[in-house]
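In the two assemblies presented below, subunit A is common to both, partnered first by subunit B and then by subunit C.
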Partner chain A sequence: MAVNPVALGQPERRKGKPWDKAYPYVSITIPFLVIALFTIYPVLYAVRISFYQYILTKPKSHPFIGLKNFQDVITSYYFRTSLVNTAVYTIAAVIGVTIFGLVVAMLLNSKFKTASALKIIILLPWAIPAVVAGLMWKWMLNSDFGIINGILYALGLIDKYIPFFANPTLAKISLVMAQIWKEGPLAAIFLLAGLQLIPSELYEAAKIDGGTGWRIFRFVTLPLLRPIILIVVVYETITAILVFDLIYVLTGGGPGDSTSMISWFAYAEIFKNLNLGHGVALAIVIALITLVLIIVYLRVIQSEETISG
Partner chain B sequence: MKHKLIIFNLVVVFLLLVTAVSGCAPQATEAPAVQPPAATEPPAAAGAKPVAENFVVWSYGIETIGDNIKNFQAMYPNITINLKDYSWLEYHDTMVGAFTAGSSPELLYGSDHWLQEWASAGWLEPLEDHCPSVKGYSAELAPYALQGMTYNGKVYGLSYYADTMDFVYNEALLKKAGIDKAPETWDDVYNMSKTLKDQGVTDYPIIMAWSQKEGAFPEAWTSMVFSQHEGANALFDNDLNPVFNKEGSAAFEVMEWLRKVYSDGLFDPASLTTAEIDQVKSMQSGAHAFTIFPQYNMAEVNKPASGEYAGQFKIALMPGKSHATVGYVRFYAMSPKAVEEGPEYVDAACKFLDYFGGKTDGQYTVVKRWAVENGLGFAQLPLFQDKDVIDAFGKWGDVPTIEAQAKLARAKEGLTTWYGAWDTFARAEIHKAILGDESSMDALNNMANKWNELKAQQ
Partner chain C sequence: MTPKFKQTLNSIIVNFLIILLIVYIGGPFVWMAVASIQGENELLKKPPSIIPQNPTTDNYRYVFTGKIPTSYEVKGQLRSRISQEARLIAPALKNSFIVAVTVMLINLLLGTPAAYTFSRINFRGKKPSYNFILASRLMPAMAVAIPYYVIILSFKLLDTYLALILIYSALTLPFTIWFLTLYITNIPRDMEDAGLVDGCTPFQALTKIVVPMMAPGLVAAAAFAFMTSYNEFLFARFLTQSIKSQTGPVIIASIAGNPDASYSLISVCITLGLIPPLILAVTMRKWLTEGLSASITFR
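Up next, the complex of A and B:
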């Protein structure tokens, strides 16, 4: 039986007009072409390059070499080293940023007069470009005139200035500190939004039931914040894996190769070794690693939602 | 409807794939067509048509460069030079990006350690094919500098400055420790450093500017190896095979020495992250007694306004068996863009190169200015006889020692298309050996293996 659209409360569609038929295609085509031009095409082009020998000093010779670029980079010493460095850095940075964000969010969520102003001010480190943040930390940690050395020395905690970036372990810790300072505020704002969504009745009920500060946090706040924490963890994991500018400014990958992360390795392959094929193959590997992590996180979020639903 | 949309999207994706995979890359990889060398056809007379060219430099003496450009433009009113500068630390990567993107400037600074890489890629033009006066200057150049500007038998640059890596000590600090002569061997440097530290004169007597990104890091390390080695082939044989990864080699001895001074607390650990500018300031403050840096820094450390130790910094011949050191050259170069733009652009570029790196009215005007005003070294040997230069250099250094060290200078070995890539790798290995993360021999073997791997790729 034919159904009259007007009778169903839908606008009547004019039949037979060419524009009506073309409209959906045109409306899809324009954004699709924009995405294709700026996203799909570069990605496909990069994938193509990864199958060719592409040494920048040999502009006339790009033979097809299949998966050799991938084989070369994955079996190289630097890949293993930078992968380990990146994993250590990412774990430390994500844990640090999340804890820092949580502590700051809890403080901002408490009712004190300057909290609303602090909510804006706290975002400043995040709004500062990474290169500027890197330079600030480079000066603060300088082994000759850095303020951190100055403070430690004035407090009598050290008897001579520490060359933070010359020691492999301290250089890694310094990078993580800079990352936490840079990214922590955004995490704090995310988590603050999550905290404000928790109904106050739950806290009141917990108190009536005899809950104390830590137990309320453990059994009320933390479970209800889990979805937001997961979002923070996903975002910060991607940011940490892809970190480049902080390393470039602070350590240049050194000393030795102690702070050579995987993104730094990709940069070095392209701009130092001038091997675009290797660099692009590495970039694709990084993208795949990130993609796998995102899928894992999304699965976790989905299962969280299923449980809470 | 949904079905049709899916088919439509698939068609668009297919078309894009075909375009990306088949259409783009081959054309993009073609080198730009280069016109025949201008030497075969007389360049158009400058003055006929206004010409504007871009000149890219690293950030040093920008005001002086601007002033030199002003003087040049006054001489050639139809030529306009647009100056752009980048930090030395970013210069190489920025220029590689510009070359590969097809947006290189007509004129630029080059360096001996990038020449092979850039010239083999076709990013630089051999000057002698375009500028008739260039060959005439070669006879007056120090051999190491000429070698540093030559690729496949052709000259690609006119020297901006050429310098030696010098061993420098703070005489006042040495006197405080009762030391009255300069070290002659690396053992002397070790023993004097120990005395300086034991007597509390300085915590870390030795500092280097050996951050991963520092330009003169490989030069300083290589100069130590050269000084500990007699004759040529300190690092590579004549067929470019590594010879440094052997026990008893000069490189091995230098690595072992570096590990010792680091573990004994004589070598400032911050050296591994120190840039040249911080090294100079650190020396000026009297925090360290010994260092190696490019000679042009002598004018800076010894200038009267530099502080308590002004005038106390002396050059000693590079300690070691042979006292040899590295001589290096930075130069003015021309890219193929000038050739593509036409003969009048080539002519203007040649005039510019002649003015900046060659002679004007029989004088190396700009080179001499850098030497006198900034203390930059030079490759043009006749300038050693120039009274103004001798007077200027005498203010901050001992001219006979400078001359003696210059005579012992050699170009870096292994300057090839892959030297830059190897250098990046070698820096990290030297760091790891100093830090004790791996043995000297492991580091040298890794460096040799990387060299062989890069060589095989060519």
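Up next, the complex of A and C:
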């Protein structure tokens, strides 16, 4: 390959060498194999486990039990609660993150000096481990010496410290607050990218036509941002349904089962009850729910695109 | 209301809102750093002091040298278990760093050629293999946690860097390949075509012509791969067993999971653990933002 063909007077494109035929396959082989090893086999294995009794406290007996794991999981005491919890949490988190993202994106797109400071730090929560984010909030919201209680108390807004994690509603709100803090920045950056794609002539035209702030937002900005808002909603829905790290450290599913989401129970079945069959069956149910949502969303996005041309 | 007054009022409200957001986003980080230089007894006051009264480096000294902070002696509470665990943070962050940098390099070395192939070369099986790589990202972590454990166990790789590196590569490569494929597709082909006419192989066209043009995309892809690996918790939690391979998030979660946890030591561990991603997020801000924006606006 070291020969310079130009020097040899070969101006036409070289072709037909066996290496050129093989090259595309060579270049994708290793990544493809690594990904396949950690995709195909695990999925098949997981499906297999879900049809057998796999309880670690009964290591010698793994009978085939058909769909019993799925039946057990779906009729379990926690299935309904966890579905409701997950749905409430997902809806609250997605709405919260999207509105937060929209507001921050609009502010970052403005010309205020303070906005450039916000721009520098906005990505920080996104860049850190979710476990650590959860711990930071857990400690700041601590009922005995948390800084948030401290500040509210020092400002005279409360008489005594609020036990954020002892009350089911407050625990849920805390969790959503932490999720918005962690996920909102990414949504803001996505929506900012969308805002910057909108040609400024459109705004000028709207102003000449007598549009005011809110009406321009409602009838110019929002419709043009629609595709990106949809993507943010899809992405954040999946993130919220699968949320685990944050709950693991922040509430541990409590108080009671009030913040126990469906993926938390999958974890609990596997690592606490040591019932792999149940845990994996539940994980597969979660995967199917997510898949259905993704398909529905993709349909929506596609129909959007055909409508808008 | 005169228009001028309305404008001033508007700007005050907007600025106030932005400052509120800055406090919400940045406050937790500042508080962790401030708490890490305070003694335990100051943190447990009601309310805690936001500005440290007696700033001290004792907590950091303890984590690195094992010298017990004086504030513990005053209170007579020597929490030996948590103390010992907090001292694991430095080796744990070293583990995180080694794993994350290796995964990052693997992503660049393997992901870039694969992305170039998907973007520029037609070959049999292109579409199905590309779709397979993308679809692999839809797999829920919890469902494959047990199979991953079984694979790693049968390779005799439990509690090793290699186990984490393999899994994180499998988790990050699909994003890297997808992202770089889009990135390369958006680069005009003229230069490469000239190179190919001059007799470059596709690989030479990639390394000599395309790579220099896609530097921002590579930086963003590298940063994403690093962060994903550095931040991952679930798999690290049960594929590592000792400080030989336990990563930062695992150790931090374990320290904080102790009900007897020392808050000043936790905040030291958190502060130390956050330094690499925060430096990355601030210094790479431009590329990360461009990369993220590109990933959502490319079609």
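Here, the second predicted complex is superposed on the first by the 266 of 309 C-alpha atoms of A that agree within 3 Å, B and C clash if a C-alpha of one lies under 4 Å from a C-alpha of the other, contacts with A are read in each partner's own complex, and residues count from 1 in each chain.
In this text, contacts are C-beta pairs under 8 Å (C-beta built on N, C-alpha and C of every residue); 3 or more make two chains touch, one makes a residue touch a chain.
Note that this is a predicted model, so its numbers are computed, not measured.
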By the touch definition at the top of the document, which applies to A:L186: first (subunit B), second (subunit C), both, or neither?
second
Where does A:G256 make contact in the superposed view: on subunit B (first), on subunit C (second), on both, or on neither?
first
Looking at the overlay, what does A:A127 touch: subunit B (first), subunit C (second), both, or neither?
second
Which partner, subunit B or subunit C, touches more subunit A residues:
C
Once the shared chain is lined up, is A:N167 touching subunit B (first), subunit C (second), both, or neither of them?
first
Does the superposition put A:Y45 against subunit B (first), subunit C (second), both, or neither?
both
After the superposition on A, what does A:G150 contact: first (subunit B), second (subunit C), both or neither?
second
With both complexes overlaid on chain A, does A:F32 touch subunit B (first), subunit C (second), both or neither?
both
Would you check which partner chain A:G66 touches, where first means subunit B only, second means subunit C only, and both and neither mean what they say?
neither
So in the superposed three-chain picture, is A:L56 touching just subunit B, just subunit C, both, or none of them (first/second/both/neither)?
first
Interface residues of subunit A shared between complexes with subunit B and subunit C:
24-25, 28, 32, 36, 41, 45, 49, 144, 271
Per the touch rule, the subunit C residues reaching subunit A in their complex are 11, 14-15, 17-19, 21-22, 24-26, 28-29, 31-32, 43-48, 50, 110-111, 113-114, 116-118, 121, 123, 126, 129, 132-133, 136, 138-148, 150-151, 166-167, 169-171, 173-174, 177, 196-199, 201-204, 227, 230-234, 238, 248-249, 252-253, 256-257, 263, 266-267, 270, 273-274, 277-278, 280-282, 285, 288-289, 292-294, 296-297
Inside the complex, what are the residues of subunit A that reach subunit C?
1, 4-6, 10-14, 19-20, 23-25, 27-28, 30-32, 34-39, 41-43, 45-46, 49, 103-104, 107, 110, 112, 114-115, 117-132, 135-140, 144-145, 147, 149-151, 153-154, 161, 181, 185-186, 189-190, 192-194, 196-197, 228, 231, 242, 244-245, 248-249, 263, 266-267, 270-271, 276, 279-280, 283-284, 286-287, 290-291, 294
Spell out the part of subunit A that touches subunit B in their complex, as residue ranges.
24-25, 28-29, 32, 36, 40-41, 44-45, 48-49, 52, 55-60, 62, 77, 143-144, 160, 163, 165-168, 171, 251-257, 260, 268, 271-275
In the complex of these two chains, what residues of subunit B are touching subunit A?
1, 5, 8-9, 12-13, 16-17, 19-21, 24-25, 29-31, 92-93, 96-97, 99-100, 117-118, 120-122, 203, 211-213, 268-273, 278, 281-282, 287, 417, 420-421, 424, 427-429, 431-432, 435, 437, 446, 457
